[in-house]
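Okay, here's the structure, questions in a sec.
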Amino acid sequence: MNTFGNIFRLTSFGESHGEAIGGIIDGCPAGIEINKEFIQKELDRRKPGQSEITTSRDEPDKVEFLSGIYEGKTMGTPIGFTVKNRNQQSSDYEHYKNVYRPSHADFTYREKYLIRDHRGGGRSSARETIARVVGGAVAKIVLQKLKIKIIAYTSQVGPVRLERPYTDLDLKTVDATPIRCPDPVSAEKMIRYIRQIKEEGDTVGGIVTCVCEGVPAGLGEPVFGKLHAALGNAMLSINAAKGFEYGLGFDGVQYKGSEINDRFYRRSDGKIGTITNHSGGIQGGISTGEPIYFRVAFKPVATIMKDQQTVNEEGETIILHAKGRHDPCVLPRAVPIVEAMAAMVLLDYYLMNKSVLL
Amino acid sequence: MNTFGNIFRLTSFGESHGEAIGGIIDGCPAGIEINKEFIQKELDRRKPGQSEITTSRDEPDKVEFLSGIYEGKTMGTPIGFTVKNRNQQSSDYEHYKNVYRPSHADFTYREKYLIRDHRGGGRSSARETIARVVGGAVAKIVLQKLKIKIIAYTSQVGPVRLERPYTDLDLKTVDATPIRCPDPVSAEKMIRYIRQIKEEGDTVGGIVTCVCEGVPAGLGEPVFGKLHAALGNAMLSINAAKGFEYGLGFDGVQYKGSEINDRFYRRSDGKIGTITNHSGGIQGGISTGEPIYFRVAFKPVATIMKDQQTVNEEGETIILHAKGRHDPCVLPRAVPIVEAMAAMVLLDYYLMNKSVLL
Amino acid sequence: MNTFGNIFRLTSFGESHGEAIGGIIDGCPAGIEINKEFIQKELDRRKPGQSEITTSRDEPDKVEFLSGIYEGKTMGTPIGFTVKNRNQQSSDYEHYKNVYRPSHADFTYREKYLIRDHRGGGRSSARETIARVVGGAVAKIVLQKLKIKIIAYTSQVGPVRLERPYTDLDLKTVDATPIRCPDPVSAEKMIRYIRQIKEEGDTVGGIVTCVCEGVPAGLGEPVFGKLHAALGNAMLSINAAKGFEYGLGFDGVQYKGSEINDRFYRRSDGKIGTITNHSGGIQGGISTGEPIYFRVAFKPVATIMKDQQTVNEEGETIILHAKGRHDPCVLPRAVPIVEAMAAMVLLDYYLMNKSVLL
Amino acid sequence: MNTFGNIFRLTSFGESHGEAIGGIIDGCPAGIEINKEFIQKELDRRKPGQSEITTSRDEPDKVEFLSGIYEGKTMGTPIGFTVKNRNQQSSDYEHYKNVYRPSHADFTYREKYLIRDHRGGGRSSARETIARVVGGAVAKIVLQKLKIKIIAYTSQVGPVRLERPYTDLDLKTVDATPIRCPDPVSAEKMIRYIRQIKEEGDTVGGIVTCVCEGVPAGLGEPVFGKLHAALGNAMLSINAAKGFEYGLGFDGVQYKGSEINDRFYRRSDGKIGTITNHSGGIQGGISTGEPIYFRVAFKPVATIMKDQQTVNEEGETIILHAKGRHDPCVLPRAVPIVEAMAAMVLLDYYLMNKSVLL
């Protein structure tokens, strides 16, 4: 299952050390002007080697479009694209060939397919998310026309937690720091923590918060296509994701109904809104028109620069000496991926919603 | 979108105060003996009026099968079923007709469809989950043949939290208390808390933990059908769900990779397992063979027995005086629903996996 | 796979001699007034026992709606419905229990599922088409609002062929004769032929022609969802269907391009049309705005009132003495089914088309 | 909708004069050895410029695989591939830019998308079938392991009709003549006819017959996934296809049930077969184990080398002077495309069938 979405659909392909990563975007509305520089810029936000706190694998990650766009506009036909893999150092993985790296997908791919491409994790590599970022960038371009804006940021790294709610932050400053946290003080702490972890040869996880503004009321398909379930599914499909919550999420369980029910009122523009937004912009699986916000938990990167005991395919105990180039913390690069997935879901649901009324 | 699943698929219908709730189960393997008493028993676990801590709406909720089963066995053809609605008191909802209840789906359904059935929440009512429990019960019957076992329980109610991990609990005792918490001390505290909340006319949320044992390694479809993403999607589609996490989940972000990586070893039966299971039985979106465990957060029931200010369809401010019969806490009835959704996902993924190898 | 359609979707269930036939219509636009009498009338057009040339199985075939319609209007939620089976004479089938009837699905169902309901053909019975007619009737109601009209008729019975093109016929008279052929002379010949065949204890096939008027230009999804491919798929899914062609179809292969190319011109209303319509209203898989017409071939009913040699499940040669009540010719009852399937496809494609432009 | 199939799925992209045609094959079983020369050979069978009776557009049509195959074997991951467009002569189409060519998809694409790539028909070009042939070739490789064989051939060109049934022909000789008709006498007549038509600057249609041998009993998904409906849908999705029939098809309607019912018997190998095979190897939508055969009608190529009156986008009447390079008859190149689509359907249904029994 390498296709995502219902109407706006991304099908992706590619292994870490294969020829290319790529995909096909199907169902994009026709007649949309495509700014290829914007798409490349989005890719640049996820690419490796951006700063000292990301992996040093140096990939240009240039996207090439092969179809679906003519004279700068979408035609309604599928948009095929590829991003060549160039900086593969497959030899880095020779000594992994037979090994099940702890908390990697080596073992499970082998169990499932009886065969696997060990080089760089093959299909399980986060390089696969390149296709998502391209798909998401196209979705963002369409959403811009609908005045829907998606901004994600790093809200926690290891124990370093940004406590301020998104409403207190200047979300335009997300990219101001390499960690993509819009609170300068927290950003500095996070970066310092990552540096320290990196020096230890270790890795750390964190949380991305995402805010979607301008989403009109009415998006979301009950019963089995609730908007937050689609978002959750999308986020949990990102490598290393371990949890998803929206609105008050897990914290909300300790409140009483009377404390967190969102009461409706008539806004000054005549529309109906809610006074609070503990629901996170979704009620009954359908958007309320209030901002949607959610959080995604990412585990620490599994590849560490420390020796680990594990087994090989024959079940023999071995000591794994890590090599290769890896991120100490996936968070800054996860931010554009979270945004991309959110963009694809929201556009898909916007398009699905067009058939609700005749 | 009222269909769930890829191969094993449930399509459901029904409003709270309509004629019936029902569904069609498609893709169930042929030749499976169906124990209808078991299915009814599962329904009884979710039905209202089980104890003082659930709603007093009294529905027999008897399932009637209309097709797909012949001489006690599935035939591979679709299994149609209905559960009649009997104890509707639509007049309870007359005074809601025009009102947007806080944190309910009244407003969003109206925005989406421009029309809605206000009686008992219509399609957004949790009565819809009846169809899920029937579908899940059929899935459980099939999973039993595969030695796959799913057990959920209440692990938190408001601030009352069961701290012991599932490995410390006797999961066979889940149904011993009306709150469905297998730790008697915590169960008692939870029940006491719900009683108090109920007296206040208020409601409270909580967390369900679910454990799936016996799942073979290899289930899960990378990239866009990761097993935990499918589980997350399923759980988030349940009414009032606000969050999903598996393995260490959100808590895991504060650890270092070296602390929580699951190292492989050769088990005494010759198979390869992991020494720890922080991953929650899934790596790279594919099951490892270790137990899968996850947690689902549910918000407090939106209907409270207290006056609330809100607006009606005309945008006029009104005071809502709650009536009707409602659960102070959805948790005990959510437990069988979580199990049902997990069962459908696991069976679906088991069946999908059959085509991976020729 | 018991679900049909992409946005407007019918999921059906039911065996010939089970409790009921039924289905769930999902994705019907909200706010549509539903005329239940019209739906029942459509069902009456397909029901058995309408005339001497159809089977004498006498079923009231009353449809009961269980959800999705409130105060006479669709709500956007799934429409569940059932039609009880009443006049089953399962004992008629006792002597078939073990037998593979020639050109029936007994053998193939057994091979596929290793189990089958032998009574009346089980799921392979044409009673299953009841659900299609209900789904199609709902689709027709929606299409009426869009001024899209679908009319089918019997154009051939055995060797008796109606040679006049549909443009020469008064399509309002289809139901004037029990054979549903709008040409009185041909109708009379067809009926006489069926009577004769029936006396012989034999059966006969035929062709249904269908015309869809008012379909706007632009419906159809290249590449793998061409409008005629969707119609062909729909028609070929009807019991006993053996072929589908649209426009000039098979006959067209003998012409030269210069003879049958449809040239465009500007119509008096300013729109662009084609002078001829050999294409059958579809070019490149997308509707042109001209009438769509196609033909569906149905084989003779497999159940004949003559002895036939065949084998039983053990592979033993036996002589089958036919019993039961059967149609000598399926054509008149196929007409409303063809219309129903066409209606569902056209509405589905109309709704799909809404997302092509932003 | 540019995705085909349920489990074995092809998603394709590409316009005639864009950068490339390509696709992604998803759901191919893992561990299958891929013979790339075979795939290229299949592509060569459909490529232009093979003989005097096909178009002179000269494209190397070399396929490049970008993922999914490692050390010569499929890994279960998606197989991305591209075929570069090289011999585009877009200037040939400059004078078409604004014109609706008769019986082409120019008008309908424009109506649907409000934008189109006029060069070579854009997405509606038959170059799109390149992706199908690659997908089909991969499917054929898998089917070979299952001993399933698919052979198509040209059985009619304009009025020249091959009357002998497939059982009388030596199907190994299909490729012996450029028209791909295994009867030398008919082949010669067909070629002569095409030559004459070409000289006239005209085009002609025809029929492809396809035979599938070795298909096990039990494939096919009632009710809405009947095997012949899936095949029909697949064939009708090919450019210029106007009709599909299987078994006796349209001709069968004139027979009586007693004449064409296929009686079962026990074969010498102990299996149950049918004495005749008028059903075409499918009963009730499920394969019987007998050979499947069907026929597909193709209309004459719409582009002719004669002046045609039509209109432009402004609705002005103009005379179209044809240029460019085109096939006088699509049949010989349609043969491998029919085979490819049949192969993908059969493999898909084989894989789907794996979940019918536990």
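A, B, C and D are the chain letters, set down in written order, and residue numbers restart from 1 in every chain.
Methods note: contacts are C-beta pairs under 8 Å (C-beta built on N, C-alpha and C of every residue); 3 or more make two chains touch, one makes a residue touch a chain.
Here the structure is a predicted model, which means the values were calculated and not measured.
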Chain C on chain D, rotation in degrees - Cα superposition, rounded to nearest 5: 180
Between A-D and B-D, the pair joined by more C-beta contacts: A-D
Same or different contact residues where chain C meets its copy chain B, judged by the half mark: same
Computed distance of Cα centres, chain D from chain C, in Å: 26
Averaged-CA centre spacing for the pair chain D and chain A, given as whole angstrom: 39
Chain centre separation in whole Å, for chain D relative to chain B (CA means): 46
Junction residues of chain D - those touching two or more other chains: 1-3, 12, 27, 30-31, 76-77, 112-114, 123, 222, 356-357
Contacting residues of chain D [partner chain A, same complex]: 1-3, 9, 11-15, 18-24, 26-27, 30-31, 64-68, 70, 73, 75-80, 82, 112-117, 122-123
Contact footprint of chain B on chain A as seen in their complex: 1-4, 6, 12, 100, 102-105, 107-109, 111-114, 123-124, 128, 156, 158-159, 197, 200, 202-207, 217-226, 228-230, 232-234, 236-237, 239, 242-250, 252-258, 260-266, 270, 272, 274, 278-280, 282-289, 295, 297-304, 306, 308-311, 315-317, 353, 356-357
Touching residues on chain A, where the partner in the complex is chain C: 7, 27, 29-32, 76-77, 142, 145-146, 222, 351-352, 354-358
